[in-house]
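Take a look at the structures listed below.
The two complexes that follow have subunit A in common; it is paired with subunit B in the first and with subunit C in the second.
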Partner chain A sequence: MSTDWIGSHRPRIDAFAKAAGKSRYIHDLKLPGMLYGKIKFSQYPHARIKQIDTSRAEKLSGVKAVLTAFNTPEIKIGFIQDNWVLKKDKVRQYRDEVAAVAAIDPDIAAEALELIHVEYEELPGLFSPAEALASGAPLIHETDPRGRPKNDNLLDLPWRFEHGDVHRAREESTFWVEDHFSTKATTHTCMGTAGCLAEFDLQNNLTIHCKTQIPYLAQKDFHQALTKMGLKGKNVRVQIPELGGSFGSGLDTHSYEFLAILLAHASGRPVKIVMNREEEFACLSPRQPTETIIAQGCDREGKLTFREIRMTLDNGAYTSWGATTPSVMMLPISSLYRVPNISYATQIVYTNNTYAQAMRGYGNPQATWALESNLDQLAEKASMDPYELRLRNRNHPHETTPMGLKITSCGFQECLEQVSEKLEWSAKRGSDRKKFRGVGMAALFHTGGGARVYRSDASGVILKIDDFGHVHVLTGGVEMGQGFVASLQLVTAQALGVSPENVHIIFGDTATCPWDVGTHASRGLFTAGNAVLLAAAKARDKIFQLAALHFASRVAANIKKKRKAGESVSDPECRTSYDPQDFELKNNEIFLREAPDDPLLRVSLEEILRQAHFREQGQMVVSEAFYDPENEMSDMKTGKGNISTAYIFGVHGLEVEVDTETGQVHILNYVAAHDVGRVISRQTLEGQFYGGIVQGLSYALCEEIKTSKGKMLNPNFLDYKIFSAADLDFPIHLECIETNDQAGPFGAKGVGEPGLVPVAPAVANAVYDAVGVRIKELPITPEKIRAGLKGD
Partner chain B sequence: MRKNITFTLNGDRVSLEVASNTMLLELLRDHLSLTGTKEGCGHGECGACTVLVDGRNINSCLYPAFEVEGKEVITIEGLMGPQNELHTLQKSFAENGAVQCGFCTPGMILSAKALLEDNPKPDADAIRQGLAGNLCRCTGYVQILDAVQKAAQDFGIED
Partner chain C sequence: MHFNYYRPESLNQAFELMEQSSGQSRYIAGGTDLMVQIKQGLTRAENLISLRQISELQGIEEDDSGVLIKGMTLLRDIETDPLVRDLAPVLQQAVASLANVQVRNVATLGGNLVNASPAGDSIPALLVLDSRLVLAGPEGERTLPLSDFFLGPGQTRLQPLEILKAVKIPAPFENSRAAFSKIGRSAKDLALVNAAVLIRLEETTCSFCRLAAGAVGPTPQRLEQAEALITGRTINTELLETLEARVRQTVSPISDLRAGEAYRRDLAGTLVKRCIRQAIAFKTED
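So, the complex of A and B:
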């Protein structure tokens, strides 16, 4: 039996139950007496609420609770607490919650919503940052969260980063290009829609089953709500069912979760709220739309000289954690390639659009879209091959970037070379290239070793071993489809010396699992994996101490037996004292390292555990670890700080053919090379990249939330197109470069988000190479290409 | 209006009363507790609710429960053997990395089964077309297409 689990092709353990249809998602949970909650959303994008009449809804048979801001405590939510669970004075977006009901079945709940009458006084709406920043624009929030009057629609979060002297560098640059790039709101479209189920016990302790990536931070938010409800000090237990995808949508707590809590408390019964697809599209938060003005320059030799970026983000009506995405955009902006002079400033603007939140890549895709598109423009201006320009300015191992990021392992060069080679870059750009065909590439830089976006970047694990040699690892991390469980299982098996079948990963319950700051920033395996290494080392120490006792008594018994039988006993056979350090644990068996074949000095893990438990003054093997990586929070003022312990690099390239009649982009070949540190679970890793790339292609080529005056026009999969299997008529070639990062568990770095990050600019660069049309606004649609071909 | 219907569900004869506006998805999930069939949209756009009716893959969210009268319905639960042995396709999905969050998986597998029954040796294009109605947000489809190809090649298809 192989004992090397790292990098194995072993199937994901959770895949079997899922393929059998046995996994339980929030949609599948049903409790006795459970009610169905439903939310009434605003009918206007911006309006004053004059009154809400719920009397008819309350009288409807089967309705058990009807809530508005007028009969519930005020509960504020969001990163800066500028949002309310139920709106009282004003609505600021179409998906604002004005009332909620709980009823014995979903149809009655829907009927009750129809019976609620809300009287509004419509206010002028602002649907773009430009409108919201125009002088004389009405205020979306009259006061800031602390109650101080506001006089504009800007969020008080002016992210900035300055390094060197951009002004001078621009003047001294031989070549520079400035342009404008933008991205639209797009949404997660998890196949399993959002939902939760809240219930109180008779002591008013809360259990909430919800779709979250931050169970412990959510726990804190729910505690605050309970305090507002007069239930201060009660217990909150967050349980996570199987998640049908998440992609960042679970990084905040959401109004619907608090509404389920309020309804459950008001009705005294469990209440479940599940979004239908239309609500999921229109009433959950998308990725931030951005407008970016960017300039980059280089010297005669093609060395980058400066980068200047001014970015405007459409925040929508309220503020989620997503408003901190500029802190992550700063990573590629400051540190993708060696750039000596950098200036970056953002403004985040309130509008009456739906409020935005985190999504896979956390701002990085929007930043990389501008950076890598503009870099190709610069290459053209400098008459350089874009590949050469990238190679010349690539990052190197063991260097510190202007942001203070300490790059350790760095496979950037190999990634570039692999993509160039596999794509046959020079040949495809050569003189006998085919008409309307082109190649493009783009690179990515992201956190790969945790990310200190909160004060803590820690993961806790508890590892316990039972009488039968089975190991349970309790983790605060969250499986949402990405393969966290499968990867952690292999890390545990390898670190401990047991087979993966004997390792069980338990997650998703704040009552039993230890604290973790959250599963985001591609940090899950990196931080929990490191915690497992620490806990496994402690467990092994204990096991070896128990084994030393065991072998001593076993050898003593053996000597006794032999002597009794009149056999002679040799000197080495008489050794009864062992140093725990001399043992090894592999394949669920403990043995003496220097005598691996001696059956007397070999014992199974389960036997050791059984003995430990059943002995007088027995012991158990339970170890814990709380791993907090050695990284730092970036300074709010300067933006500087080494926020991750390792960084991930990657390069994507593709060949396209553009149909000049229709404007259709046909992908012929896609190559993606990533520095992953080390492969842990091969299938999981590849799945993250394939999934990220295809999500990225969807983002690049088709996804867009279309709105008219703040109302979503395409809240369905027919009009909001994502890639289907039919679109996958080209090969995707993956290259995983192993740089064995010093800080990663077995050398691994985080890989959850990167696959998506550079896709859009790579496609745009390929389209430009094919037909000379530079698309500057996502998505890259046939209409835009046709317009570009016509010279519009 | 309510009506009695009788049909075969995963090999068993089922007889019950349903309302005229009940869709097959609701019947399976809410009345019969077969929650392996998923609802991703409720409007025939995502394929998460795919089941087989007389061997054909249909979106159960749009399929009136009335219409299964006298027909044979297979859900993901019905693919497994009596001792929970996974069907070739289920195994192939699980073993080839075709499952991430798993929400699309039951529907995807049933569409694949309908495809392979119709065309036991599909080429890559036929597989892509056969699964075009089943959206997956996690996998990027590559390992799904591979799993279906392998199920077709390596094992042949069983009932």
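So, the complex of A and C:
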């Protein structure tokens, strides 16, 4: 039997329950006496609240609590605390929360909302950064979060990165191309809609079941809310049910969670709020739309000389952690390919659109869209093959980039070569325009070894072993469908020397699981896996100490048992005392390093544990580890700092055929190569990449939140189209380059986000190769291609 | 969401329930559109009268003039029915393009027609088949050509109590072939535009044709100008290009969330052209 679990095809342990419908999501949770909460959202994108009349709702039978900003303490939320759980003076977006109710059933709650009358005075709205930046534009926030008057609609968060002399480099470049690229708001479309369930015990301690990727940071936010509610110092327990996808939507705490807490406190009953699909679309935050002006240049030989990027982000009405996405955009902008001169500046603009938040890739897809599309334009200008241009400027192992990122393992070259080969790049590129066929590629660069976006990048685990050899790993990380549990299970099994079915990953409870900064930035397995390696090493030390005490007696007892059963067993060469370093543990068995194959000189892990527990002055095996990688926060002023311990590279390429009469893009073949460090759980890894690619294709080809004056027009899957299985009528080839990163658990790097990052520019480049139409605004719809072909 | 739900077992019971009920009442067939509308608050209904238990509304039969499909027949049953395959394969092609198997196992042909969506996929196919509708009311039955049935989006000639009892599809005449085509934003989608053709060729000459398209006007429609353009003429690439341009000129689509007017015009012309090619397995000279 194999004991090598790393890289195995073992099915994901959580897949069975999910496929069988046995997993329990927030929608399945129900407590005795539980009430259903519902939120009344604004009817205007920008308006002054003159009056809220809740008297009729309060009188409705079955309604247990009705809240507005006028009968609750003021609770501010968001990255810079510029948002309110309930709005009092103004609404600044359609989804602003103006009231909330809790009732004995959802229908009564909905009816109560209709009975709440809000009187507004409509204000002029601003629905694009251009409108919001125009002179004389009304102010969306009259003051900043500290109460100082504002005089424009800019967020005071101007991300910049400067390296070298871009102005001079542009003048000296043989070729350069400047253009404008944009992306639209898109959303996470989690299969499981968002929701939470809050309850207080009789001592006013709070338990909240919620959808979060940051249980311990959420705990802090909820603590602050309790303080505002006069419950300072009470306990907050965050529990996470099974999550049906999150994709970054759980990186902030949200108004609905605080409203459930307020309603539960007001009513004295557990309160659940679950978004329906329309609310999930229209009332939660999307990926930020961007407008980018980019120029890149190269010399005669095709060596990149500079990169200049000016980007405008539509923040929407308030500020989430998503406003820090430019710090991650800086990674590819400063460090994808060797570029000696770089200038990057952003402005983030308040508008009356829905406020944006984090989503898979955290700004990287928007940056890579502009960067990799423009790079193909540069290749054309320089009359170079875009593959050759990329190869010539690729990053190398063990180099430090202008941002101060210390690249260690780097399989960029192999990724480029694999994609080129599998796609038959040189034969296909530029040759099939008559058939309207083309190939395109794009590369990606992302954090793969944690990411110090907060002061801590740490991950805690507790590992304990029971009387039966079963191992429970308590982790602060979060399984949200990505395969964290399956991967950590294999890492634990391998590190400890037990079989995976004896490893159980427990997550999602701040009361029992140790601290972790959050599951984001593709860091889950990297940091928790390293923590498991530390904890497993400690556990093995302890196990071998116990083995030194109990091994000889257990071997003797087992031989005695065999003889009693009639087996003829000769006495093994057994010493009377052993040292801990004499032992090895594999496949749940402890044996001697000097006699690894002796069938008698071995005892099971569970026997040793029972011996340790069931005796006077016994001992237990519980180990813990808190792993914080060796990386650093980037400097807010210079943007420099090695924020990750390892970096992941990848290249995607595809062949398309464009139907010129309809503008439809048919994908014929898709190849994606990633330097993953090392494959841990193959099924998880493939799931992450297939999922990322499909979500990326959806982002590239059809997804778009459509609005009219800030109101979402397509809050449903009928008109918010996403790629489904039926759209995948082409092969996807995955190539995993294993570079065995020195810092990764068993050499692995993070793979959560990368699969999505380069898809859109790869598609745009392939479409251009096929028909000569350059689409610069996502999504790349058939309608836009058709218009381009007609020369509109 | 509250409503009274009734399950009459005969047409007469259904008429009675509809007549006697107070408040907003709706007949409900498969409900794949109506329930979504109710959930989204776009339609209000205090009473839903289900037509599912009415045996008179079930089944596919051969009759003297062709095939008769009862109103409550599931789209999935039409898609897999051997009689429809022989007599009206274009309808199967259209129905199979609609949503997915799960939806087609609930949605009905009558529902797809009475819903009167300008993009309803079964409609262009039934238009080129020259189908007639049997409408039943308390006073008896009447028949109506499908082409006269639609008044506008969601609007039909059905009287308040009437129920679409059956669709009569005449048997195909000799040497005629038909095809359906549609384009959505993704593999499974409503039609941005859909189209169907029925054509009879003598040698390479079109001796007869019917052309229809959906989502290019307030109702799915026959394209009579385009029909006149090709009838009696040799079908070749040049004629098809002219036809494509003519269709683009003559349809009157709108711009909405799903597609712009200009793009829909382009698609209409292309789809009609492609349907003809598909129907006659036409090979271009290039």
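The rule we apply is simple: the second predicted complex is superposed on the first by the 757 of 792 C-alpha atoms of A that agree within 3 Å, B and C clash if a C-alpha of one lies under 4 Å from a C-alpha of the other, contacts with A are read in each partner's own complex, and residues count from 1 in each chain.
Methods note: a residue touches a chain if its C-beta (ideal position, glycine included) is under 8 Å from a C-beta of that chain, and two chains touch if they have at least 3 such contacts.
Predicted model, so just to flag it, every value in this text is computed and none were measured.
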item	value
Partner chain in contact with A:483 - subunit B first, subunit C second, else both or neither	first
Subunit B versus subunit C as contact partner of A:722, first or second or both or neither	both
Partner chain in contact with A:16 - subunit B first, subunit C second, else both or neither	first
Which of subunit B and subunit C A:626 touches, first, second, both or neither	neither
Which superposed partner A:690 touches (first subunit B, second subunit C, both, neither)	first
Contacts of A:730 with subunit B and subunit C, given as first, second, both or neither	neither
First (subunit B), second (subunit C), both or neither touched by A:454	neither
First, second, both or neither for A:515, with subunit B first and subunit C second	neither
Interface residues of subunit A shared between complexes with subunit B and subunit C	716, 718, 722-724, 726, 729
Subunit B - residues contacting subunit A, complex	29, 35-43, 45-46, 48, 75-77, 80, 84, 86, 90-91, 93-106, 109, 125, 127-129, 131-145
Subunit B-touching residues of subunit A, taken from the complex the two chains share	11-12, 14-25, 27-28, 188-193, 242-245, 247, 276-277, 480-483, 683-684, 686-687, 689-695, 716-718, 722-726, 728-729, 732
Partner subunit C, residues of subunit A touching it in the complex	107, 278, 661-664, 702, 706, 713-714, 716, 718-719, 721-724, 726-727, 729, 781-783, 786-787, 792
List of subunit C residues in touch with subunit A within their complex	1-2, 36, 40, 100, 183, 185-190, 257-260, 262-263, 266-267, 270
